[in-house]
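Working notes, structure below.
Letters are used for the chains, namely A, B and C, taken in the order the chains are written, and counting of residues starts over at 1 for each.
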C-alpha cells in the first residue's frame, strides 16, 4: 500500500493526532480520582524546593552577600528563589511525565483500556501533561506565597511567576513524555537526572549568566534558563522585549513535545 | 559467610549490567555539582569578606567538594536500600528464592551489606578520582575519605534496608527521600558550616550520620581534625551501621520466614 | 444478506507485523443481534482480528467496515458504540471498582450523574455491588473479569467484543460469566467472542469461524459444523501408549472415520455403543473406552490434524 496513492495514509503522515485532541480533561479527571485518596503525596512534593530555599536563606546567603540581578543588587536568597521556583516546576513536570507515564504504558497498561474508548492518543498525551502542569501550578503558587511570607518578593509582578512556571511545566512535561516513549526499561531512567541536573545547575539558577563569560551562549541553549529568566523578571518587575523570546522557546518546545509524544503513544499502543 | 558471598556474587553480575548508570552517579553527577556549585557558587562565596574565616581558611570549592565524598554515597547507598531492595522482597522476590537454597536470612543481610558497600565504594572512589584532579583537593587523604564514604553510605543503607523489609509497597519511600535524605543533604554542613544554622538546629545536625561523614571526609582531605573528634565521628557512623545491620537481621528474618 | 450498517463486514482482511502475517485474507460478516465466535488455538490470529475490529490496530490491507464506517477515519465514532473486554483485564489498578466504571463512562462522554447511575446498575448486574469501593487488586480473577464486563457495558454498546472471556477462570466462575453473557444476548446485544474452548463456543455462539494460522478454515453454527465434519458421537479407546496406531487396521469399517492420537484412538460414529460392541465382537479389547458426543474440538482436529489446546 503506497502512501502516495492512499489519501487516508497520507493524512496520517501529517501529525493528525496532534489535532485529534478533544477530551484531554477526562484524563485529568482520572488523575483527580487517583490523587483524591493520595493527596499527601502531592502536599509533600512542595517541601523539596522549600528546603532548598530555606537552606540557602539560612546558610549560604550570609556567605555570599548581595548579587547583581540585571542591574539591581539583591540578597543572594532573593536571587536564587526565582531560579529554584523555575527548577522545581521543571523537576515536578519531568517526574510526572517520565516514570509515571512509563509505568502506565508498560506495566499497568492503563492507556490500552483508555484507547478502546472514544479517547485518542492525543487526548491521553495532553491530559497527562495537563495534570502534571496543574500539579506544578499548585506548587508554584505555594512557593510564591512562601517567598512573599518570608519577605523575599521585590515586586507585585511576582504573580506572573505562576503563569511562567505553567509554561515551564508544559514544556518539560511534554518533552519528558516524548522522551519516555523511547525508554526501554527502568534502567534507562537513571539517565534522566543526567539531563535535568545540568539544567538545574547551569541555567543561571544559582548565579547570574554574566558569570559564564564567553560560555553564556551555552546557558541560553538550556530551556530552563528561559524559564528562570521569566520568573526572575516577574520577581523584579522588570520586563523587556526579551521575554517574548523566552516565551517563544517554551511554547515551541511544548508543541514539539506534544506532537512527538502523541504520535509515539499511538505507535506504541495501536499496533 | 560463603553463602553470603554467593548472594553478593549475584549482585556483582547485576551491577556489571548497569555500570553505566553507576558511572553516572559516581562521576558525572559529582562533576556537575563541582562545576555548578563548587566553582560557580564558590566564586560568589570567596568574594565575600569574611567567608574564609567561616570556612576555616579553605576555599569554598575545597569545603564543598570534600562533602561530596560523603553525600554521594549517602544518596546511592540510601536509594539502593529502598526500591532495589524492596524488589528482592516483592516484585522479583529473589530473596525468597535464595532462601529455598541453604542460604539463610542472615546471609541475605550480609550479602546486601556487601552489595551496598560495593556501590558506595565505586561511588566514593569515583568522586575521589575527580577530586584528585583539582589542586585544592588533591591529597592522600582521599583514600581514607573513600572508606569514610562507604561507612556513611552504609549508615543510611542498613537502617533503610531494615525498614524496607517491613514494607508491602514503596509508598513511604518518596517521603524518606524528601524528609530524610534531602534535608540532611541541605542542612548537615555540606554547603556551609553547621555553625551557620540557628542555635536550635545545630545540635540536630550533630546527630545526623551525614554530618559526621562530612566532617571526617573534610578532615581526611584538608586536615585540621583532632584525633578525638575523628574517633567520635567514626564511632557514631559505626553505631548506625551496626545498629542498622542488627535491625536488618530481625526484620529480614521475620519477612522471609513467614 | 449483508446490510450496509451491519456490525462487522470484512473482506480480504490482512494484518501483518513486519514479515509475519497474523491475519491472512479473511472474510467475516457479523449480523445485528448475532453472537459470533472466532475459534482457534493461540496464535491463530483471533486477537489481531479483534484488535482491528476494536479500531485499536490499523488494518494492513483489505477492507473493514464497522457499522458501515471505516476504522481508519472514524475510529472514535465506532469505538463510541462498542464495548471491549480485553483478554487481560486492563482494569485501572489505581482506582476502585466503582471509579473504574465511572471514569470509563466519562471517556464515553456520559455526564457524571449518568455514569454513576449506570455504574451502580451494572455492578448490580454482575453481582459486585458490595465490592464497589474495593480496589481492583484484591478481587478474584472471576470478579475482575466481571468488572471488565460491567465496564464494557457502560455506554450501552451496540457491539460487544469479548477476547477469551473465560481464560484463566475456575469452572464455577466460568458458569457465572456465561450466564451473564447469555442474558446480554437475550437482550439483543451483538457479541463477538474469541475462544479456544469448544464448550464455550458451543454455549455462547450462534455462528462461528474456525481459524488456524491466520486463515478461516470453516464457518457455520456449532451444530452445523459438527454435523458437516464429524459424526454425532465419538468412541475414545486407549490401548496403552504407543500401541494405538497398530490397532487401526483391525478397526476398518467401524464408524465413519478414525483419528489416531499418541495416547488414544477416536472413532467417529453415529452410534457409539454399536461401534464399541463391534470392537468387542472382533475381539479388539481396549484398556479403556469412553463414548461422548462430538464437539468442535473434533471438528478442529479433522480440519487441521491438530488438537486445539496443546
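Keep this in mind: a contact is a pair of C-beta atoms (placed from the backbone, for glycine too) under 8 Å apart; a residue touches a chain by one contact, two chains touch by 3 or more.
Just so you know, these numbers come straight off a predicted model, no measurement behind them.
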item	value
Chain occupying the most central position, where position means C-alpha average	A
Pair joined by the larger number of C-beta contacts - A-C, A-B	A-B
Where chain B and chain C are represented by their mean Cα positions, the distance between them in whole Å	57
Cα-centroid distance, chain A relative to chain C, in whole angstrom	47
Separation of chain A from chain B, taking each centre as the mean of its C-alpha atoms, in whole Å	30
Contact footprint of chain A on chain C as seen in their complex	17, 54, 56-58, 60-61, 70, 72-73, 75-77, 79-80, 82, 84, 86, 88, 90-95, 99, 102-104, 106-109, 155
Contact footprint of chain A on chain B as seen in their complex	17-18, 21, 24-25, 28-29, 32-33, 35-37, 40-41, 43-45, 47-49, 51, 54-55, 60, 171, 174-175, 178-179, 182-183, 186-187, 191-193, 196-198
Chain A - residues contacting chain B, complex	38, 41, 44-45, 47-48, 51-52, 54-56, 58-60, 62-65, 67, 76, 187, 190-191, 193-194, 197-198, 200-202, 206-207, 211
Chain A residues touching chain C - in the complex, by the definition given at the top	1, 8, 22-23, 26, 29-30, 33-34, 108-110, 112-120, 269-271
